[in-house]
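These are the structures, in C-alpha cells.
Both complexes below contain chain A, partnered by chain B and then by chain C.
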Partner chain A sequence: MTFDIVVILMFLGAFSAYLISKASLKAGAYATTVFSLGALAVLLMGRSEIGSEFSVLFMNFEVTVIGWYFSGVMVLVYAMTSFFNSFWMDKMMYPGSYNFLYLFSLAGTLGLFFASDLITLFIFWEVVVWSSTFIIPMGKSRRAAVVYYTISSIGSMATLYGIMLVYRISGTLVIQEAFVPLKEDPLTATVVFVIFVMAGLTKIGIFPFHIWLPLAHGSAPHTFSPVLSGGLVKMGAFIAYMSVAILPAYEAFEGSLKIMGIPLQLYFLMILGAISIVLGTLMAIKQEDAKKLIAYSSVANGGYILIGILMMDQLSFAGSMMHLFNHAIASAAAFLAIAVVAYRTGTTKISELGGMIHRMPLTYLTYLIAIISLAGIPPMGGFVSKWLIIQGLADRGLMFMALAAFFGSIGSFLYVFRPLAAVFLGQLKPEHEHLKSEPLMMKIPMVILMVLILYFGVLPKWLLGIIGEIQVAAGIEPVMMSGNTILAVNGVLNTLNVFMIFGFGFLISLIIFLLMQKSRRVGLMDTYTSAEFIYTPELYHYAGAFYAPFERLYQNHPSVEKFLGAIAWKFHELGTVVNALFFSHKPAVTVFWTSVILVMITLGGAGI
Partner chain B sequence: MVNPVLLIALPLLLAFVSIVFKAYKNNLLVFGTLLNAGLVLTLNKGQYIIGGFQPPFGINLVLDDFALTGILIINGLFLVITLMSLEKLEGFASVLLVALAGLNGLVLTGDLFNLFVFLEITAITAYILSSASKEYRYAFNYLVLGTLGSGLYLFGLIVLYAVFGTLNMADLSVKMAAVDASQLVLPSLLIFIGLAVEVKILPFNGWVKGVYSGTNSLVGPLFASVYAAGMLFVFGRIFAQVIPLGTYLRTSLVVLGALTLLAGEVAALSKTRIREILLYSSIGQSGLIAALFLSGLVFVAVMQLVNNALSKAILFTVAGQMADSTGTDEGEELQGAFLEHKIAGVGFTIAALSLIGLPLFYGFISKMNLLFGIFYSDNYWLPVVILLGTVIEGTYMVRLLVKLWTPGDEGIVSEKAFATERPLTIQSSKVMGIVVLSVVLLIGGLLPAVIQDNLTDSGSLLDEVTPAYLFDLKGGQ
Partner chain C sequence: MNLVNFAYGLLLLLAAFVFQTTLTGINRKVVARLQRRRGPKFYQQFIDIFKALSKGSTTHGWVFDFGVIMALGGIMATAIFIPFGPLKAVPGMDNIFIIAYVLAVGMLGMAMSASGSGNPWASIGVSRALTNMLAYDIPFMMVVFGLIFAFDSSSLSGLAAIQREGGLLGWNVLRFPLGGIVAMISLQGMLGKKPFDSFIAPAEIASGPMVEYGGRHLGMLFLLHEYSTFIEVSLIVHLFFGGGATVLEFMVKYAVIYTFLNLVSNVLPRFKIDQAVTFFYKVPLAMAVVQTFLIIFLGMGVA
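Our next item is the complex of A and B:
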C-alpha cells in the first residue's frame, strides 16, 4: 500500500463519510474513526516507503521523514478524537458536513506534509484552513471562525508572496531546489525568510498572532478543539521547520549580526517565541473557562516548539520535535477529558463544576496525566522534551530564552492545577449527583493517549530514534541515546530511573493512603455559615479568583487584542470614509472627481 | 460558414418581432439566447467585413481568440441567467434581446465608432433594466453618469480621428504606436474615463452603489457578470491592444486600478447588506482586472474575468433571490438561511471561495496565474495590494458565509432553532443554474487544463503583449 492511495482515499473517504451520514449519523461518525485509523495504520506500516514520490492531478508529493513524522502525529490526534464524534452528532448543526470537513481537513494535512513543490504545499495549506474554518462556527462563536480565517489568511498570503518571490529568483517550485540561490543573497534571504515563516507563526499562535487560539479552540465544537490544539497548530511548526532547515537559514545568515551565535533574524523570532511562552502562561492562569485555559497553554507550548526548531541543533531541536508529539497527545487528551465533562454536564466553566472524580475517575486520570505532561513534570513525555529544550538553550548560553522556558514550566504548575482542583477534585455539585460515568467509546481513546504519554516519558528511545533520522536528514547531529539514557552535554537523563524513583514514591504514598483511616465524604451543602444556610452551590466553590493576588501583579497588562482590534476597526472606518468620499448618490460628486482626475493626470502628463 | 454578425443581427431582429408578437416574447427570448449560444460554437475565427468596404474604410468585425472567449462567456452566461429567471422577466424580454445584441457587438466590433454605438445601445438597455428596482432616482443617476462617460469617450474619439484620420482599431493601433505616447495622454485618458464609468473604476463609479444594491435575481447577475464581462472585454481590447500607453499614463492608471481594488474591498468590509457587500466586491474585482489589462497581462486578466463572472452570477442570483422572497438582504436578518436551501448554499459557498481564490476552485488557478504574471513583469508592489485585498475579501466573505450557514448569538452553540424565520424560496430552475455554474468552477479548479486550454488561445494572439509564463501546474517549469 502506498502513500498516494492514502491521500486519494482520505479525500474520497471524506465524501463517503458525508454520504454515510445521510443514511445514519452514527455510522457517518464511525466512518471518520475507521478512515483515520486506517490512515494511521498505513502510515505506521509504510515507514519503509519513506522517500517515495508521486503525483495526483497537478500536485506533486514526496514522502520525507519529517513529513511522515508530522502526518503520524496529526493522524493520531484525528483518529483518537474521532471516537468522540458520534456523541455529538445529534447536537451538531450540520453533522454530515462536520464528518465530511473533519476527514477533508485531515486529508489536507496529509497532502501538506507530503508536498514536494511549493504550490502543492500552499494548496493544501489553504484547503485545511478553509475546511476547518467551517467547522469552528458550529460551536459557540461565529466571530471565532472569522478571526481564525483572517489571521490564518494574513499568514498564508504573506507566505504566498514569499513563494512567488522564491519562484521569481530561482525559477523552480520544487521545495528542495527553490531556496538554493538564496544562500548567496542574505538580504533577499532575510525578506523571504520573514514573510515565508509568517504562515507558520500565525498557525502556531506566536505572539502577536496568538489571539485566534483562545477564541477558536475555546469555542469550537468540543470534538474539534482537540484537533485544533493538538493537531492543526503543528502545521505551523512544519512551515517554521521548512524556513529554517530547507532555506537553510543558518547558512544564508552566516554573515549577519549574531547574538550568542544565533543570527539576528532567528534571534528575533526566538524572542517572539519566548514572549509567547510567558504570555500564554500568564493568560492561562487567568482563564475561567477550562477550554480557553488549555488554549492559552497551547500558545505557551507553541513558543517552546518554535524556539527549539529555530535552534537547529542536537538537543533543542530534538526536544522541540518530541515536544510537538507530546503536546499533541497531551493537549488532545486534556481537551477530550474536558469534552467528556461537557458532554455529561453541558458546561466548561470551571466555577460551575467540581468533584467530577467521583463520577468519572478515568477522565480525571486522563486529565491528570495530560496536564502533568503539559507542565513538563516527570515521568511524563513532556518532561523529557522540555528537559532537552532547556539543555540546548543553556548549552548555548541563551539565558533569556532559558528563563522564559523555565518560567513557563513553573507557571504551568499554577494553571494546570486549577482545573484539576476545581473541575475534578473538590465537592460534587448537587445537580451532578446523578451523572453517569463516561461511555466506553470515550474511554478507548483516553486510555490509549494516557498510555502513550506515560510510555514515551519512560521509554522515549523509539521516538528519539525517528527524531534522530529527521535530524540526519536536516544535516545536523542526531540526539544520542545509550540504553534508556539520553546523552546531553551538561548531563544525562535516564528516563527509566526517573520513572523508578517516581514509582517508588507513588508506592510509598499508596501504602500510607491504604493504611490511614478512610476519609468520610461530606456533601457540598452539608454546612452552614454564621448560622445561615446557603442554598447556591456556586458560592461554596473556591475556584473563582483562585490566584487573585498573583493576577493582581499583572492585571493592567497591555493587550495586543485591543491593538489588533483597533486596526481592524480602522479598516472598517476607512471603508466608511471611502464610501462617503467616492460612492455618493449624487452624480455631481462623481463628475467632480472625474474632473479632478482628468486635470491632474493631463497636467502631470504634460509635465513629462 | 456562419457570419458572427448574426450574433448581433438575430437578437435585434427577434427583439423587433417580440414587440409585434407580445404574447410570445418570452419564447422569442429563450429562442434567441439558445440560438446565439449555439451559433457561438460554430463560429470560425477571422475578420468579417460588413457592408463591402475594405477596412480601414469600412466597418469590420474581428473574431480573434480574445473576442471568441468574450462572446462565449457572454452568450453562455446570458443563456444560463435568462433560463434561471424566466418567470421573473417582467416584460424585459425585448430589452434583454437588444442587450444581447449590444454586448455581442461590443466585443466583436473592430471599429471605435461602431464600438461607441454598441456602448450606447448596451447602456440604454442597462438604464432600462436598472429601473426594475423601482428606484428611479438611481437609474437616473446612472443615466447621467453613463452619458458623461460616453460623452468623454466620444470626445477622445474625435481627437484621435482628427489626428490620425482613422477609427479602425487595427489601423489606429499601428498609427498610434508610431507616435510618442506622451503626446496622446489627453485622448487616451478621455477614452479611459469613458470606459471606466462602465467598468466601475474609482472614482467614476458613483452610480454602482445605487443601481447594484437594488437589483433583483435577474438584473443582479446580468449586471455583475454579463455586463461587467462585456465592458471589461472592451476595456482589455482597447487598452491592451489598440491604444499604446506611455509609462506615465500606464503607471497612473494601474495605480487607479489598484486603488479601486483596495477601496472596493475596504468598503465591502464595512457593509452588512449582502448585495452591498457583493457590489463593492465587484468594484474591487473590476479594479483588479483593469489593472491587469493595463499591465499588458491579457491572458491572466481574462482568467480572472471568467472567475469573477461565474462567481458573481451565482452570488447575485442567490442574493437577489433572498431580497425578492424575504424582502431583505441584511445578513443579520438572514442567519442560517441556507439551512433549508443546502444546494444553493453550497453553490453560494463555492462561488465565494472561488472569488477569494481558495484552492480546489477555479479562482485559485486564476489567482496563481495572475500573481505569477505580475511577478514576471517585475512588479513587486501590485501583488502586495492584491494579497491585502484577498485578506480583506476573505474576511467579509467568510463572515457572510458563517452567518448564512450557522445562526446564533456569540457564546451560544449554533442551533437550527436560531435560523431566520423569513420565507426564503429558491426556484428549482435557479438551483439548477447555480449547480451548473458551480460545477464549472469546480472543474476549473481541479482540472484546470480543461478551461486553461480553451483560454490559452485567447492569449496566443496577444503574445507580443502577454509574455508566456503560464503557470503550467507541474510544479514550475
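Our next item is the complex of A and C:
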C-alpha cells in the first residue's frame, strides 16, 4: 500500500513545494529536499512490498524489483541534489516553478518505473519530458531545451507508435501480456523492438541521439545537471531493459542471423553502444567546459550500460545494472562538485579556474572519488561494474565491444583528470584568493555520495543481491557471490581483499613518508620556471587544450551536429527557392502562375 | 586473507625491490658498455634511492604529499598481486583486469601530485603520459582479451601454468606471435622507454611530472618506478613467456626481457606524442585486432 501513497504524495508535494515557494523561496527549496528524502525512506522501507499492485484513477501500477531498483537510484540522486536547490533560488527566473517541476519530474519517474500498463507508462514518460523541458531553459540557454525536446519527442512518438502497434496485435495494454503474441512473429517483433528501443536510446543518449546531452547537461541549471545525468538518462536504460527482457528479444529473434550468439538486431544496437563509448570519450577529452565534459562522459557510460543490458547474461547484465547505479551517484557527485565551484566562482570553464583545492578541499575530494569511480579504478564502485561487463564480454568473445570498452576506460582517465588538474589543482588565480569554502548544506550530500561510492566498491554484496533478484525476475542466471568474492566464469574478484591490500600498500607508503625528514612548505609560485621570473599565476597554469597533440589527431572529425546542421541548411535553401518561386511580391510572378493555372485548367477541361 | 598474507606481501615487496633495483643497476652498466663508458657500480641504484630518501625536500601543499603516498601505495598494492614466479602472496587475486586497474591508482596519484605542484611543466608531462597510456594500453588489452577468451582464465598464474604444460612451444609468444610482438611494443610504452618517453623528455619539458620533486618525494618516486617496472615486465613474462615454475626461471626470463628492451631503447630516438599515438593505432592495434580475430573466430593457436 505504501507505493501508491508515495506516488500520489510526490505529486501533491510538487504542488505544495510551489505554494511554499510563494511564501518563502528557501523554504520551498528545502521542501524539495524533505519530500525527496521522504520518498527515499519509503522506498527503502517498502522493499518487502515488491510485487504489490495498485491503481490510481485509470492508471495501473505494479512494483517490480527492477522498478524498485531504478526508482531507488533516481530518488537517491534527486534527494542528494535537492540539498543544492536553496543556493540557486535567487539566481533563477522562476524559482517557485523550479521547485514544482523538480518534484513533478521525480513523481513522473516513479510512476514510469511502477507502471504496469503501457498507457500509464506513456503518460508518466511525458510528465518527465515536459517538466524537464521547462527546467532546462532556466539555466544558460533556450536552444538546449529545444534540442532536448526535439530529441525527446522522437522518443515519445516512437513509444506511442510502439504502444499502438502492440495494442493492435495483442489487444491488451498490460505490459506483461502485451508482448506475448510477438514471439511468433519475428518481423513485427523487430519493428516493435526497434521502435521501443529507439525511445530508450534517445534518453540514454546513444549515438546518433547523443546530441542533446552535452547541450542540456551543459546549460541546464547547475542543480539540475546532476539529476539529468545521474537520473533521467537512466529512464532510457529502463525502456531498453523492457524491450530486451519483457519482449523478450532473445526468444523473438531466435531465428535471425547470429553473430557470436547475439541476434543481428541486438548486435547492431551493441555497435551503436560501442560507437557511443568511443565518441563520448573522444568528445569529452576535447571539451573546454567542465559540465559538458561530464555530459559527454555520460554518453560514453550510457554505451556501457546499453551493451550490458543487451547481453542479457549473468555477468555483463549484472555489471550494467550496477554500473547504472555507480554512474548515477558518481556522475551526480562530479556535477555537484562542479556546481560548488560554479556557485563560488560563477564559471564552469576549465581555463578560467585553477587551484580550487586550496579553497574547497572537500569538494576536491568529492570530485576525486567520483572520477576514480567513473574511470573504473578500484576500490570504487565503478571498477566492480566495469570489471563485470568486461568479464562478460570476454566470456562471449565480443571483441569489438571490448575494444570500445577498453578505449572508453583508458580514455576516461584522460578526460576525468583534466578538470582535476586544471580546476582543482594548479595555480590559484589572484581573483579567487578570497573565496570562501563550501557551505555546510552542500557538504552533506557530497559526503554521503562519497561514502556510498566507496562502500559499494568495497562491499557490493547488498547491491549485487538486488541485481541477482532482477536477473532471476528476467529469467536469467543471477550473478554469483560467495562471501565478498564475485565469481565470474573467467576469474574471481574479492573487492574487500583488493581494498585491504590497497590499504596495506598505502600504509607502508605512509610509513616510509613519515619516517623520512620533514619537508619545507613553499608556495605554488616557488617552482622551477626555466630561470624566468614569473609573477602572474593565472598565466602559469596549464589548462586550455590540455591534450592538444591528441586532439589534433581528430580535429576534422565528422559529427552528427554538423550533418543535421547541413540538412537544416538545405531545408532552408529549399524554402528560399519555394518562396522565390511561389510567394514573391512581384506582380509578374503572380501573373505567370495565374496564367499557368489557367492554362492547366483549360487543357484539363479539354481532356475531359 | 589473514596476517600471514600480509607478511608474505611484505616479503614479496622486499624481494621485488631488491631484484628490480639490482637489475636496474646492472642495466645501467650494460648501457654504459653499449656507449663505451665504464658505468656506475651495480649497486649505484640503491645508493641513489636511499640518498634521495634521506635528503630534505620542499612540498607544495597536502595534495603534493598525499599524491606521492597514494601513488607508491597503489603501486605497492599492485606489486603484491603479482606472482613472483610460483610464489603468490595472496592466492586468487592475480586477475589481469584487477592488476591493470589497480595499477591506475598509482598513476592517478602520481599525476595528481605532479599537477598539485602548480608547475605547468608537470601538467604537460602528465597530459603526455596519459595520452601515451591511451596509445599503448588498448593494443595490449586487446591481445589480453584474446588470451582470456582462448584459455577461459584471466588469472596470471593460471595463464602461465597453461603455457608451461606445452613446454617451450606452449609459450604464448610462439603460439600467438602477432600478439607477442604487440605485447613487447606495448611493454616498451608502459615502461616509458624510448621511443615512447616523450612524457619525461628532460630536455623539452624539464622531466615533465618529475620536475618539482626532491628528497623523500623523489626517493619514493624512484621506488615507485622500480615497482611499476616490476609489475609491467612480470605481466609480460606471465602472459607470454610461460611465467616461472621456479623463482630462478622467472628471474632469468624477466632479466633477459628487461635487458633486451633496455638495449632497444638505447638505440632509438624519441617519438613525438602524436606520432606515438598514430604508430600504436596503426601498427600494434591492427596486429592486435588481427590476432584476436584469429583466436576468436578461427581458434588459431588455441590447443
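Operating definition for what follows: the second predicted complex is superposed on the first by the 534 of 608 C-alpha atoms of A that agree within 3 Å, B and C clash if a C-alpha of one lies under 4 Å from a C-alpha of the other, contacts with A are read in each partner's own complex, and residues count from 1 in each chain.
FYI, a residue touches a chain if its C-beta (ideal position, glycine included) is under 8 Å from a C-beta of that chain, and two chains touch if they have at least 3 such contacts.
Since the structure is predicted, the reported quantities are computational estimates derived from the model, not experimental observations.
K.L.:
With both complexes overlaid on chain A, does A:H434 touch chain B (first), chain C (second), both or neither?
P.N.:
Neither: A:H434 stays clear of chain B and chain C.
K.L.:
In the superposed arrangement, which partner chain does A:G575 touch: chain B (first), chain C (second), both, or neither?
P.N.:
After superposing on A, A:G575 lies in contact with chain B but is clear of chain C.
K.L.:
Once chain A of both complexes is superposed, is A:T120 in touch with chain B (first), chain C (second), both, or neither?
P.N.:
The first partner, chain B, only.
K.L.:
Considering only the touch criterion stated at the top, classify A:K562 as touching first (chain B), second (chain C), both, or neither.
P.N.:
In the superposition, A:K562 touches no partner, neither chain B nor chain C.
K.L.:
Output check: A:F550 vs chain B and chain C. Expected answer is one of first, second, both, neither. What do you get?
P.N.:
second
K.L.:
Which positions of chain A sit in both the chain B and the chain C interface?
P.N.:
In chain A, nothing is touched by chain B and also by chain C.
K.L.:
In the complex formed with chain A, which residues of chain C make contact?
P.N.:
Counting only chain C, the residues touching chain A are 1, 6, 9-10, 13, 53-63, 65, 68-70, 72-81, 90, 92-93, 95-98, 101-102, 104-105, 107-108, 111-112, 115-121, 123-124, 126-128, 130-131, 133-134, 137-138, 141-142, 145-146, 148-149, 152-155, 206, 211-212, 215-217, 219-220, 223, 272-274, 277-278, 289, 292-293, 296.
K.L.:
Which stretch or stretches of chain A touch chain C in the complex?
P.N.:
Interface residues on the chain A side: 260, 355, 357-358, 361, 364, 368, 372, 375-378, 383, 386-387, 390-391, 393-395, 397, 399, 402-403, 406-407, 410-411, 413-414, 417, 420-422, 425-427, 485, 489-494, 497-498, 500-502, 504-510, 512-513, 516-528, 530, 537, 540-542, 546-547, 549-550, 552-553.
K.L.:
Quick check on the complex: what are the chain A residues that touch chain B?
P.N.:
57-58, 60, 91, 93-94, 116-120, 122-124, 126-127, 130, 133-134, 137-143, 145-146, 149-150, 153-154, 157-158, 160-161, 164-165, 167-168, 171-174, 178, 219, 221, 571-576, 578-579, 582-587, 589-591, 593-594, 596-598, 601-602, 604-606, 608
K.L.:
Which residues of chain B touch chain A in their complex?
P.N.:
Those in contact with chain A are residues 137-138, 141, 144-145, 148, 152, 182, 185-186, 189-190, 193, 202-210, 246, 248-249, 252, 256, 263, 266-271, 339, 353, 358-360, 364, 368, 371-372, 375-376, 383-384, 387-388, 390-392, 394-395, 398-399, 401-403, 405-406, 408, 410-416, 446-448, 473-476.
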